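The data blocks that follow each hold one structure.
Presented sequentially are two complexes of chain A, the first with chain B as partner and the second with chain C.
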Partner chain A sequence: MDGAGGSAALLLLSDGRLPAGGYAHSGGLEPAVTAGRVTDMSDLERFLVGREETAGLIAAAFSAAACERSRRGELFEIPALEAELDARIPSSELRRISRELGRQLRRAMSAVHPHPHYDALGAAPHQPVVMGVAAASLDLSPRDMALAILHETNADAAAAAAKVLRVDPFDVHAILARMATRLDRLAGEAARAAQGPSADLPAPGSPLADIAAEHHRRADVRLFAS
Partner chain B sequence: MTDETKSHRALRLGVAGPVGTGKSSVIATICRQLRDEFALGVVTNDIYTDEDTRFLKSAGVLPEERIRAVETGACPHTAIRDDVTMNLMAVEDMERDFAPLDIVLVESGGDNLTATFSPALVDAQLFVLDVAGGGDVARKGGPGIARADLLVINKIDLGPHVDVDVDRMVADAEAARHGAPVLALSRHRPETVAALCDWVRAIHGSWANGSHTPIDPGPMAPHHHGPKDDHTHAHGHSHPHHHPHD
Partner chain C sequence: MFVSSPPEPAPHANHMVARAVLASELGPDGRRSRVSRLRSDGPLVLRPSHPKGAEPLTHRRTDAARVSLAAGTAGPLGGDDYALSIHVGAGSTLVLQDVAAMLVLPGAGGGRSRMSLDIRVDDGATFVWWPEPIIAAHRCDHTHDIRIEIAPDARMILREEAILGRHGEVPGNFASRLRITRGGAALYDQRLRFGPSAAGADGAAVLGDAGAVGSIIAVDPAWERGAPPADPYDRGAALTPLAGPAIAIGAVAADSLALRRLLVRGLDILGGPWIARHNGKDGS
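Here is the complex of A and B:
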């Protein structure tokens, strides 16, 4: 099922300036830099690619699935989707953050573009799930949604790079430009998976990112919440 | 249930001002003096650490669970103005968890002279300067200094040690504010603390009886102009100008 929604709504949802508090997070880049695992541009590129292929793909697939279910009016599927997503995020800190960002996004979107489906989500829904529901409310397709969340995954970390690394911002965006076709491919993969059962959604892992998130929570000094 | 479900709404009072002027200390003073009179909560915005929260918790001015930190990703001005969602939710959560609260104090992460709270987040705000930051700061003006509901000039007991004429600084501030209230404060001078508490009581009273109108001190984005820049401001016309940038 393709959404008839226009590209403008997609841009609205994927714009980092959407006031939903996302700017407080570095997508795991700050802890990776602190630990000395990302020190230069080639490290940054590997980090961003690795993140898109793991956490990015999972978020994209789950948001596409939530969009698909919301479009069909099958909200009874959402709790299973939430449980499957929990199972794919080993770090309790990252689960907490995903739910916190989800609450924030719902709080913002409920004011920006109200929809009854927001009420049907639990007390603290995961961010990709809220994104999917928001996309459906704007008549966007699951693939659109997957692309938006992949873009956001990259944009958050790339914006943080300027604050936690010594970078030339043109170099950072050159990486994003090189990754564009990868994001298109991952969005297609996520959208295809979203048509199937929740249990079969992709489950790639990145254990070091989970461990780093736990360390970051205990850090005394940090710029970003995650 | 969604997050904007209405519970008991408290007066939301913002405390803004540059780093080191004593925002946390002002909040601690308000809590210490008024905690038996009002049900209070505090939300802090932290830039690098949870230092402000730790300070307030260690000061023991409120039960620890009534002091919560928002992490702002190094953008404290964004968190109180452009993207208030995190703070709004922290305030709403606190109002719900400790209902009924009378006042929630929101401390901005210390930023520069232009960072003011959006009325979307707070009902009223006080802006804190201190004498140690220099006697000319009040004269320079800016949105918080000129239009916050109250301007506090803090640490006035330090005036003689930093060569600042406190009376002069207060007069400058009053001129910059066209007569809006300015409070010279030192926590070592009980009469000034009493005046601060009276102001909080008065603003709570006027908010509670509906006579208080939240104001927006104004846009905060600091910007730089080259010599030939003839740019257009948000109000729709261009003009040459010489306003100070901090």
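Here is the complex of A and C:
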């Protein structure tokens, strides 16, 4: 299978230590904690599951779709992909953050592993789109990329949990372990959707995350940018 | 899936299939809009109507075509398949309201109920869609699919409200999708799922312990150079500009009354013609 030899490259892309700014974000956890909606471990688990099923799946499907189109050399599809992703993020703050992270990731990847496809992206492409193009440049498959995005979605929030909640890190990782098969299933769903038209990519909404993100931007005291 | 429900008996072929059609056009005087096509079907009863309750954009306008949608029977019930096609013709103004909330219920023979709305808003038209809430009853299994294509110089405002069960009741499975394209390009696309098979919907990223969720979408070519700025005006609500000449007001609340209040506040922030003003004595 294509990309089967790219395991090390996959680890490189999905590592939170990749200098692309992800560490500054809690994946919506800090805004949810600030709003008083996540106070204990069962809240945290429901938050993480809900997030993976919505924003996580969208990011995974769009990165897989960008990877698929980049692998096929169909970069003319990227603007429509960007518009479809915009349409799935009602929060202007979350759109801004996605594009800011995309800009940082492109800068990082252009330095780490240059590829002409990065030039075809606009000034501030969405982060999942850049991820997908980066994955294609490293010969990774859309499903690999979807899984990496889903992993990163959880890992960012789990790392932030230790800072914004009073939690036992073993308990947090027990949640992640329980979610492993869910992430595999969502990665498969994202990869299947990536084969189809951009208009049919998943569009699960997360109303509370959208609202909390807009409040968070205006918060006086915050550890994370989102 | 609802594991405690008994095995479903073989469904009887008494499911409702309804296909209703509604269209408006600009009249011969070039000013007044009129209903050019009105086809009710079974439970989907469309009637020309007078101004009712609060209306944004078209307050007291007598040149708009007004239609109300009434459910002729309870439901949709599991197995039912309803579709409504709406065409707002070039330059015309159509206001569509509901007579009452829609209660989606499980069917005797099980199965999923489905309602699809396919809407086209043409050049220079105005569409005001101001329905009542959809209430997802216990053990319902409902899919609500709304597709709207709006021309670049048309205006639109719509409201959607979903209530998670009747009073004190756990809702069944509910899935909705609202996809709006403008001049063929994606503008807004959101799917919502809740109920026993929607994992994580009760989490703090999606709906938490809310009993009602809703939104208002407004599209106006006058916002081509920038829609109104974001305003998270309540702990459970925010007005945000979309990536186009449009805004979304999203709200999550304990119940339908609190949700309605939040959405009304959002419209007040939007201001101007968007404020929903009362046309009659109706208190809604």
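The rule is simple: the second predicted complex is superposed on the first by the 222 of 226 C-alpha atoms of A that agree within 3 Å, B and C clash if a C-alpha of one lies under 4 Å from a C-alpha of the other, contacts with A are read in each partner's own complex, and residues count from 1 in each chain.
By our rule, a residue touches a chain if its C-beta (ideal position, glycine included) is under 8 Å from a C-beta of that chain, and two chains touch if they have at least 3 such contacts.
The structure displayed is predicted, hence computed values, not measured ones.
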With both complexes superposed on chain A, which partner does A:90 reach: first (chain B), second (chain C), both or neither? second
Chain B versus chain C as contact partner of A:203, first or second or both or neither: second
I'd like to know which partner A:222 touches here: chain B for first, chain C for second, both or neither. first
Now for A:188: first (chain B), second (chain C), both, or neither, which partner does it touch? neither
On chain A, which partner touches more residues: chain B or chain C? C
Identify the overlap between the chain B-contacting and the chain C-contacting residues of chain A. none
Within their complex, state which residues of chain C touch chain A. 177, 179-180, 185-193, 198-208, 210, 213, 215, 230-232, 235-238, 240-244, 248, 250-252
Under the touch definition given earlier, write down the residues of chain A that touch chain C in their complex. 28, 32, 35, 37-38, 43, 45-55, 80, 83-84, 86-88, 90-93, 95, 182, 199, 202-212, 214-215, 217-218
Listed in rising order, the residues of chain B that touch chain A in the complex are 1-4, 47-49, 71-75, 78-79, 82-86, 88-89
Per the contact definition, I'd like the list of chain A residues that touch chain B in the complex. 17, 19-21, 23-26, 103-104, 106-108, 110-111, 118-119, 123, 160, 163, 220-225
